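Got a structure here, written out as structure tokens. Questions coming.
In this document, chain identifiers A, B, C, D, E and F correspond to the written order of the chains, with residue numbering beginning at 1 in each.
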Amino acid sequence: MKTVLCYGDSLTWGYDAETLGRHAPQDRWPSVLQKALGPDVQVIAEGLNGRTTAYDDHLADCDRNGTRILPTILHSHDPIDLVIILLGTNDMKPALCGTAFGAVQGMERLVELVRHHAWSFDSEERPDILIVAPPPLCETANTAFAAMFAGGVEQSAMLATLYADLADEKGCGFFDAGSVARTTPLDGVHLDAENTRAIGRGLEPIVRMMLGL
Amino acid sequence: MKTVLCYGDSLTWGYDAETLGRHAPQDRWPSVLQKALGPDVQVIAEGLNGRTTAYDDHLADCDRNGTRILPTILHSHDPIDLVIILLGTNDMKPALCGTAFGAVQGMERLVELVRHHAWSFDSEERPDILIVAPPPLCETANTAFAAMFAGGVEQSAMLATLYADLADEKGCGFFDAGSVARTTPLDGVHLDAENTRAIGRGLEPIVRMMLGL
Amino acid sequence: MKTVLCYGDSLTWGYDAETLGRHAPQDRWPSVLQKALGPDVQVIAEGLNGRTTAYDDHLADCDRNGTRILPTILHSHDPIDLVIILLGTNDMKPALCGTAFGAVQGMERLVELVRHHAWSFDSEERPDILIVAPPPLCETANTAFAAMFAGGVEQSAMLATLYADLADEKGCGFFDAGSVARTTPLDGVHLDAENTRAIGRGLEPIVRMMLGL
Amino acid sequence: MKTVLCYGDSLTWGYDAETLGRHAPQDRWPSVLQKALGPDVQVIAEGLNGRTTAYDDHLADCDRNGTRILPTILHSHDPIDLVIILLGTNDMKPALCGTAFGAVQGMERLVELVRHHAWSFDSEERPDILIVAPPPLCETANTAFAAMFAGGVEQSAMLATLYADLADEKGCGFFDAGSVARTTPLDGVHLDAENTRAIGRGLEPIVRMMLGL
Amino acid sequence: MKTVLCYGDSLTWGYDAETLGRHAPQDRWPSVLQKALGPDVQVIAEGLNGRTTAYDDHLADCDRNGTRILPTILHSHDPIDLVIILLGTNDMKPALCGTAFGAVQGMERLVELVRHHAWSFDSEERPDILIVAPPPLCETANTAFAAMFAGGVEQSAMLATLYADLADEKGCGFFDAGSVARTTPLDGVHLDAENTRAIGRGLEPIVRMMLGL
Amino acid sequence: MKTVLCYGDSLTWGYDAETLGRHAPQDRWPSVLQKALGPDVQVIAEGLNGRTTAYDDHLADCDRNGTRILPTILHSHDPIDLVIILLGTNDMKPALCGTAFGAVQGMERLVELVRHHAWSFDSEERPDILIVAPPPLCETANTAFAAMFAGGVEQSAMLATLYADLADEKGCGFFDAGSVARTTPLDGVHLDAENTRAIGRGLEPIVRMMLGL
């Protein structure tokens, strides 16, 4: 049995910009990936609306800073074979970070947290890491989201290239979710059901490869 | 689709006192419960070794205080129909709390956190809560565990009664895991595979009832 | 006896830009409101210089993030009939937030904290909330304040409209302090005694109405 | 105008062990003191149920550690002429501290926080401090409180002597509330209305003296 | 024996932009200062890469906010005769602060922390404070640093003047490290060995004067 | 040049129970060790009064929990060849921990923090760790210290054996400071100058061996 942890934000949780609710379980990308990989792999979804890589946000009843919660989540699902990190979209909010460069620094810290984690077991085997760049933001007529993510269309367009470089440098896998999915103009940030599912399908080959399946 | 969140400690994670590792997935009680309830219910396991109800512990690379992590976990798995809380064993460590009474106060705070959570959606439907008392500690020749849980045999024996009263007072469901499982003398705290599975089987009827299945 | 809590910043504390000290007690708006409402209402002032809605600021010997202190203050003055929140000015500091939009998000979180507070009593009666927009910043020759609040004149001018919308959406009362008071050009942010008193007088009718007096 | 800050716990808030609610405003000791001192003194009540001197407690929706909140409260009510600190009862809970000696150490830290506070103004005048020992706990048939405060009857009996010594050493005023009030056997900890009022009356002379009235 | 504490960032630690390692001990400015002052003075180096004056940064395995660590460091090296603070460079990162004005506010808070520190001893003698402005950033072809410190060339050029004013106002010593050292174009921020040594030599006269040597 | 970090509490800082001040620099054990090892080794002293291994203490103007400050100190003195940890005495305070067993768990966490630290450099060389057991507490007529360390005489007597076992298990060096020094009956906890110096002399051989000198 292999275990895959999906650490993400609302794109992983499955926020639906149309209903302002949550996509059906079978439409969320971790579920699609689970189905594709079959019963010998356990895919665990840890998606939190508003989660950033490494930046504080006190606007909700939870801790959105990805660096503070990750160690606890790693322990809860240990042993883990692969950690997929799909974060960066919320870093585009200028009040929190606002630059692709800042998101890359936050992603690097998350990689460091996985690599240096003090695991429960002393096993030599440690999880591989797959960095996933979120699909770039797009223009939207939703003024609240446009304000909240001002400048995000330009900055998020750089994420894939910068994350790919980071993955190379750190020996991580890389996947560009923007190669298979695009954000909805309803709010410029989120994914409809079809585009959410596409990420699960798109990830299958590289996840199989990284798990040695 | 109904969603059940299992919020717990090493008894939920599946710590194996014999191998010092983790029980196989099919032996952990949330998996057993998942299988018993079938595909129309999603059972989510959030078990962290060493988690307490409400007490700080800085001895591991994670946040073991159950009150600080719960709001984030509630958001990550929202919408939730039932929250099962199986905690209290680590409260028996005298350096952290050391009394059944303290564990009950911590459990009450966790119930309060679920009831007052600022959910993402404004839905009227809120999760029910099922309080589960851990099986009482037993005597052990393991000196490290005996020291770490000094006084725990007596104190933990009171948990079921006190939790039952709390559940009554707060309108929560209650299940005594000690009615179907017993701790192993290997460390006096944990459960072997058979006793872990027994909790999943034992929970099925009350969970079905609380979910209206 | 009705209880009104005034949760605010230096405008509520009574900072005097001329003396760099504090306005006399009878000139602060909570005192004016207290006098206007008479002895059957208790008006409690909790104004902290530099307080923001939801943003960290480590530049003083206190916790200026309004979300972290509010729950403790709510408990200290429970039972409360009405919570008046006059915040947002310090959110205009670009190093902390810098946008009216961010202040609205912070205000929304404060409303959420009041609504979801785990009160000491289980009473059904919960305090109403009155959102007050601070008077817009004005131009100033004070270079330190001009630098500290760069962009604040434009952003703060939007607060009243945005807060009014939020109040509508959340079922809160709303009052625009800018309708009765204006900031002093001495520092572009604060109020002289007359303008401070004006807020107390201006609030009386809506507070009476919300208290059912 | 002189300002007196009353920093305390449920004895200051006015918890009523009979109704499990709050004493009427006129029965709380800060109100009695206010009335006795007249309109030239402003008496500010900051009482929080469960507040300790310096010990963490995560069992309620607030921060009960007196050292973390005091600096913010000092700023909110600056300028202050006298700080009255009536704390120590909750330190008697063995899960938090459990000894009179620990309460004295916590009280010493609070004195230090007032003395070293970085005030908003650079005035030379700094508030005096009046340490008040809470009335000793008494035996109770309330099993929850008896458990929560196990050992507290003996330990709390030592508080007055130890606080008096601390006050001498630190140049603070001292008042023993146990000289005028006694705790109710209903829960062994709290004060009925008459005993709460007695503290306000008892404090009047020393407060007048310390304020130079 | 006199004690001098050097509280700083990578300029004090001795980051070498060429080797991406650390300058040799004899090249770091605290060592140069130690040698110049001789054995009757103890110079203690507390330089942390990435340290800011007062701003949070969660991008490394340490606490980079200078205000949170300083009190602990003051205690560890008490009694101290002189505290030299060379910080501000990392405040130039726009994601953290981004303005010279913000760095000055942070420096003011650090001065306040030294002045109001609750020392172990009750001695009347308290350390003097020497504020040191870092050499201004320069243009660089290093794109990562250019992005991380966007706008820093202009902002850092203002630091010396603003720090000098603050030192005057607060009764602190002042030294402009930019008068003796310049940053390397390799990354636009750091100092080569020669320029690092120059700060130690440059500081000697004012440190001697402030220590009364 | 080799670097040795001494991470400790008042025994490392050099608290003098007779003067209630600090031992002269040449009497503190890190200075003695520095002199014995000569100029090719740099010995850095980081001793904080009241520091514990892993337990919170809010009674002073600093962070006494050894686990929260260590990562920052490791960064500040990186690269480090040897970390000497002499802690555990303050863990004997029953209000914080109170058992030798708890001190061992805290020490284990500190070892883990060094081993898993995310260093600035990617070098393969990592510091060795030398665990030092403090000299056992002794009986004292000082009632404040006797109360603060109740039970500490018995518990501290077990530290050397338990730390030795931990060092074995974790591949660390071990030294029993109780083999060369004894605590003073003045307060039962601290060391006079001669006994402090003795630790420096006693450590020299094992430190030389661990550094390969």
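Note that in this section a contact is a pair of C-beta atoms (placed from the backbone, for glycine too) under 8 Å apart; a residue touches a chain by one contact, two chains touch by 3 or more.
On a predicted model such as this, the values are computed, not experimentally measured, just so you know.
Chains making contact with chain E as well as with chain F: A, D. Touch-path distance (fewest steps) from chain B to chain C is 1.
For E-F, the equivalent interface within A-B, B-C or A-C is the one where over half of the contact pairs agree by residue number, namely A-B. A separation of 38 Å divides the Cα centre of chain D from that of chain F.
Distance between chain centres (mean CA atoms), chain C to chain D: 28 Å.
Centre-to-centre separation between chain D and chain E, using Cα means, comes to 42 Å. Touching of two or more other chains is recorded for residues 56, 60-61, 68, 112, 116-118 of chain B. Interchain contacts give a graph that is no line, ring or star and is not complete, per the touch definition above. Counting only pairs that meet the touch rule, the chains in contact are A-B, A-C, A-E, A-F, B-C, B-D, B-F, C-D, C-E, D-E, D-F, E-F. For chain B in complex with chain C, the touching residues are 112-113, 115-118.
Of all residues in chain B, only 1, 13, 20-22, 24-25, 42, 46-49, 60-63, 68-69, 71-72, 74-76, 78-79, 117-118, 120-121 touch chain A in the complex they form. Listed in rising order, the residues of chain D touching chain B in the complex are 56, 58-61, 95, 144, 147-148.
Chain C contributes residues 54-56, 65, 67-68, 97-99, 101-102, 105-106, 108-109, 112, 116 to its touches with chain A in the complex.
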